[in-house]
């Protein structure tokens, strides 16, 4: 499922004319024809080595995606992972060793690093939040505030960072929000409509703003989880007491809870984790 | 060119089953059939209004993309821009007013905001850098460190932020790096090979690490721009003196120069600018 | 989400050369040029009327899909639904009235009916099963035994027939089968691994063959539903007693239960419901 | 040509998150990270064996398609055909032996069987009709009433069942129907327009309802085949006498004829032939 | 069916960054932001007029395709055809009048003309051949030597030029060549295999090099057409006598015959017919 | 980047039913089943040899593309290049030796040759122009008048023929034409707007009709190249003198100049270079 995304990223970078710098310099030149004809070049198959090195400390995610950027251009390209996804690395630590044609290395480098840096950035941001709630019993979950086109990969990076995945889309779980309740007329009617419509393998979550709404939801029943929106820490503690084991509680944006905390920023605003590609001579 | 990207993002969110929450609640329910059949619902065409409001100050970019998320689902959806792309907005400022079916509003909201927040984040980060070099004669340019699949949109956001675009890909300009020079044998040979290979409408840039390399490049000629990598501010000042009007100088990561400064972080690590969608009752 | 499927079906039928019969007959012929040039023909815009008529009694599903087959070829085509999806129709009942160019009618007719007949066949087969369990408290659910490429549409037809949807794919709910248990080493370990891995909005179902396995699952807890495979009616009754309200029970292939009964045949072997298109003169 | 259809079916089943059950159970779990990271798992490469077994008697079609479902996920997967396409198998007969990773087996199983069961169902239904007309000199042909997206595969299954293929689409042969004749003004004019328009390698068939129309067509000439619609067996016999060797006669829905009999039901309503996948321990 | 081809051609020309010249010049410039933001520009909606004018005499084909290039960019664009496809025009004759935004005109012009010039070139080359055989009873047909990706359009242009279409691909008619006969063992066996395999709506043609082979084919029967390869005019005349009305004869590369003459050059080597776009002020 | 184009061309030729002639003749026939089942055939793997032979003298371009047509159908197909791209061949010279299954050879032959003949035709036409200007200091460049869908390949063929590439699209260089100048109000304003909008790695060319316009452009500065449209040879000589080293001069349609000459005809009207495929027995 990842392949089309990586292939599209390579094409986005190669454009119509391909890597014209590398073609011109590594391709052989037939002076009498005044033309460079890349595909005839013997030299381009000479293999060179390189390493992917972390420039900053963080958690690695996306080595398999980075590998694809090279192997889609050249199936024989060697990509050896020294530190697997999920490893915590220091600055200057080597995470993979590469061997293949200079042409492939130069043409796929940027695409590979764009994926690796972004996904490791998401994993690193998630790890930081996970550590911040360590010992509280709370878990960190991502939201649907992901980069268009990269949702599955970013959800993967969140798992690598120790977080949990919330919905992958509008279709794999129900989340009843304010406007749904307004449209239905009441909380009870909204829950009832949903339960009548969805299959028995779909979970139902409802968003509430107040403890009174939470009490109403709990008395009605029929939901699997409740999203507590914008509550103070005191309210959240009270909510945990009210809910007991009956439903999963989820809070947006706060910590220190025995619940799930969902965060959009770990996907939409995580700074990329810097990796570089160093050629070995 | 933007449409396929937005369409893919909508499908990524709607998945196989669509917006099951909204279908269940806004779709009519035929109790005797125990089924919700979305397409038969009269109610779903009732229109409601909403606003897109900035939650933080910043520069707006991507309103046209956000609009597409709604109009691709419903061509009759009304999306009125109150502040155009390129506007600097305050927190709580309304940038667009929306009117259309509740179903469309609820189903496209997240996709629209995901684009708007990311692109405005890029524009805002760019604007900050542009202001930092104001008066120095330097310009800010982006790199190829962009989000896979979103390069054209992020390049657009950089322009909206007052920055300039560097290469869109490996094929629209030449950039000779260390490894190309090693492969060619010398700076002179690398430039010569490139000039023989590329057309007369392609610009040529070369990366140098030292002032000696810059002098060598200037004496050889034949390049349009030089990328000064990792130089101190003193070296950069000297470089500006050496180059004069002959080539465009570009520095990575430093400021205070009469040159172009290229920055990867404005695309790969810009935090999203927060926008929300408020329903009007 | 339906549009690409219908568009692909039209192209599958039109092939490279299009509807050559209709082009030849309705296109104007320039005798002096010995050629038919379809796009120049005035006559082709003359509109005619037709009706879609049920040839057999059943439940209608897919009128919106059938409509798309015509409107994708000609956005101005008129398609008036007389009986909405979910209606139970008799043989010879008219379900839609059509008006548009003869060319569009003739070229899209087969594609439109192929969808309508298949989806109505699924809805009709589902309705029959739903009626068979009426009063038992059991619900009818479909499986993943669907036609490749048409899963979402067939799942929709099941809902129209009064059934409920099981998983849409391998990714929206967990179903632990024999081989998963073997791989994990025990039921308890399988459930534990799953609970550690999936998010809090994903439901977990486990398949059991015996009442002992059911008891084990119930004592372990942590699952939302249990699939009872190949049990006798007596075993099923006992299972209902054992489970109480704690989990949803699902049986494959049997009836007369207060549970969910999943059936592959309503999607993979439902005979198409016959509809025809009659031209009105 | 089959590959994109199988790939799309796999993606339809794997969705955004993939086979979450198998990932959770067969993937290794890093307890200290509270995360499952599938791509790091050594265990997932351990190979297991399985068999595809017929649950009902019938004719096998689609083993190559089923094989693709496994090999597209894992090119090294072993799929040994024991009974080739076109074989008549008994219930409980093994048609293929499989060997590969448990992950691939579990994730591709349903998609592979969905194709195999459907295509074998079409071949089996066709075989039954072919046997019913054995000795009559009639052949069985399919129509364009096929499953959207699967036409080429279902046409193949019809051939495997001993049937013949009618048109693959609107573009590879002419079929003049009632409404074409009305539009042209007369049978003669319709045939004339078609003959002027289409190339010399396109066959022309015309549909008639009465023996008088058949006589008219035969006296005009210029067609390769005549489709006899809704005729009694007596009329059909008379038609055979009238036509002699001059044209191919085709009847819809009747048997016992020296002609071609076209049947939509062998594709649109053939029940799937049940196959299962049994793991070998 | 034409739309995806035209859309792909537009994207091939617009690339990642779009029409940067027109964006820069017609887009409004916000001096204080040092940026051009195309989507905010009022001026871009100002409409201008232009004409498509033939630069050389020839037969027009492809105006509908050219129109699509403009209307896909801007659905409101006005494209009035003054001379329909199939018209014979003189140099400097206007074939269409255009009205729309300067941006659309400038961005789509090249793509529109690329299609129009090529297809008109094919029609013009076909017309020349058709005229050369006028009065001989021979028809001109194209082959499968077409431009990859444009086969349907070039086949259309051949019809507009007065020619007839041969096979559209390997799948819509049988053509038995030398190597097929070698593989089958004999002409009779090749024809027999084909007749057993293909449906009754598929025509069968066989290629022969000598009159003896033609006699053999005629004595075997069962084919609809014979392709006479590389025969002299005398041999061709003899062939016409031998075949009589029994089969269609087709010759490659020769004229003056009562048969069909197939020509690859009308598609693979037709020079484009020159059209230009003149702006009206 | 070439693979999708070749794959699409193969599918365009194979259609829905594939190579029915080869399937019927090389596929094994099960007489008792009255059906041909291609995938069961042992014989189809028997390999045969063939050669690609030039029928006319010219320059070879596109052997790699031709090879792909065979290897996409059968990855094990052997394609040995005897003369590389860029070779000048005589009539009857063999350029490649092929070995593989008869099925692959017969099914991919036409697609492979369609690419090879067209691209070699472009290279041959380019070579002729390059030779015509030999010694003048002028270079030959192609334009955007290319075949829709084949631009990158035709640009490659131009390079193989010794020519240089002009813009690949509207987005990789600026070309200011008449209408842009009109829209901007003046030459100076047009250049100014462009320079403000585009990045520092984009070249700027402007089209002029008169020597006065050239003088104006030179006095303004800021452009990299000037396109001299429709000038006499005397004017062109004067232009060369005026411009000196300051800008690159480009002429459309004339020769004998120390400048770049752009030609649309080398791509849009180059006759295909004839190659054939001869089977070796």
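A few remarks follow.
As written, the chain order gives the labels A, B, C, D, E and F, with residue 1 at the start of each chain.
Convention: a contact is a pair of C-beta atoms (placed from the backbone, for glycine too) under 8 Å apart; a residue touches a chain by one contact, two chains touch by 3 or more.
The structure displayed is predicted, hence computed values, not measured ones.
Under the touch definition stated at the top, chain B and chain D share these contacting partners: A, C, E, F.
Placing every chain at the mean of its C-alpha atoms, the farthest one from chain B is found to be D. The distance from the centre of chain A to the centre of chain E, each centre being the mean of the chain's C-alpha atoms, comes to 47 Å.
Per-chain CA centroids place chain A at a distance of 40 Å from chain F. Centre-to-centre spacing of chain E and chain F amounts to 19 Å, using the average Cα coordinate of each chain.
Across the assembly, chain C contributes 12, 14-18, 34-36, 139, 151, 165, 168-169, 171-172, 198, 202 as residues in contact with two or more other chains. Chain contact summary for the complex, chain F toward chain E: residues 5-6, 8-9, 12-27, 29, 34-36, 102, 105-107, 110-111, 113-115, 117-118, 121, 144-151, 168-172, 174-180, 182-184, 190, 193-194, 196-198, 202, 265, 268-269, 271-272, 279, 281. Residue ranges of chain E in contact with chain B, taken from their complex: 11, 14-18, 30, 33-37, 39-40.
Within the complex, the chain A residues that touch chain D are 1, 64, 84-86, 130, 139, 151-152, 155, 159-163, 165, 168-169, 172.
By the touch rule above, chain B contacts chain F in their complex via residues 139, 141, 164-168, 171-173, 198-203, 205, 224-225, 248, 250, 260. Of all residues in chain C, those touching chain F in their complex are 12, 15-16.
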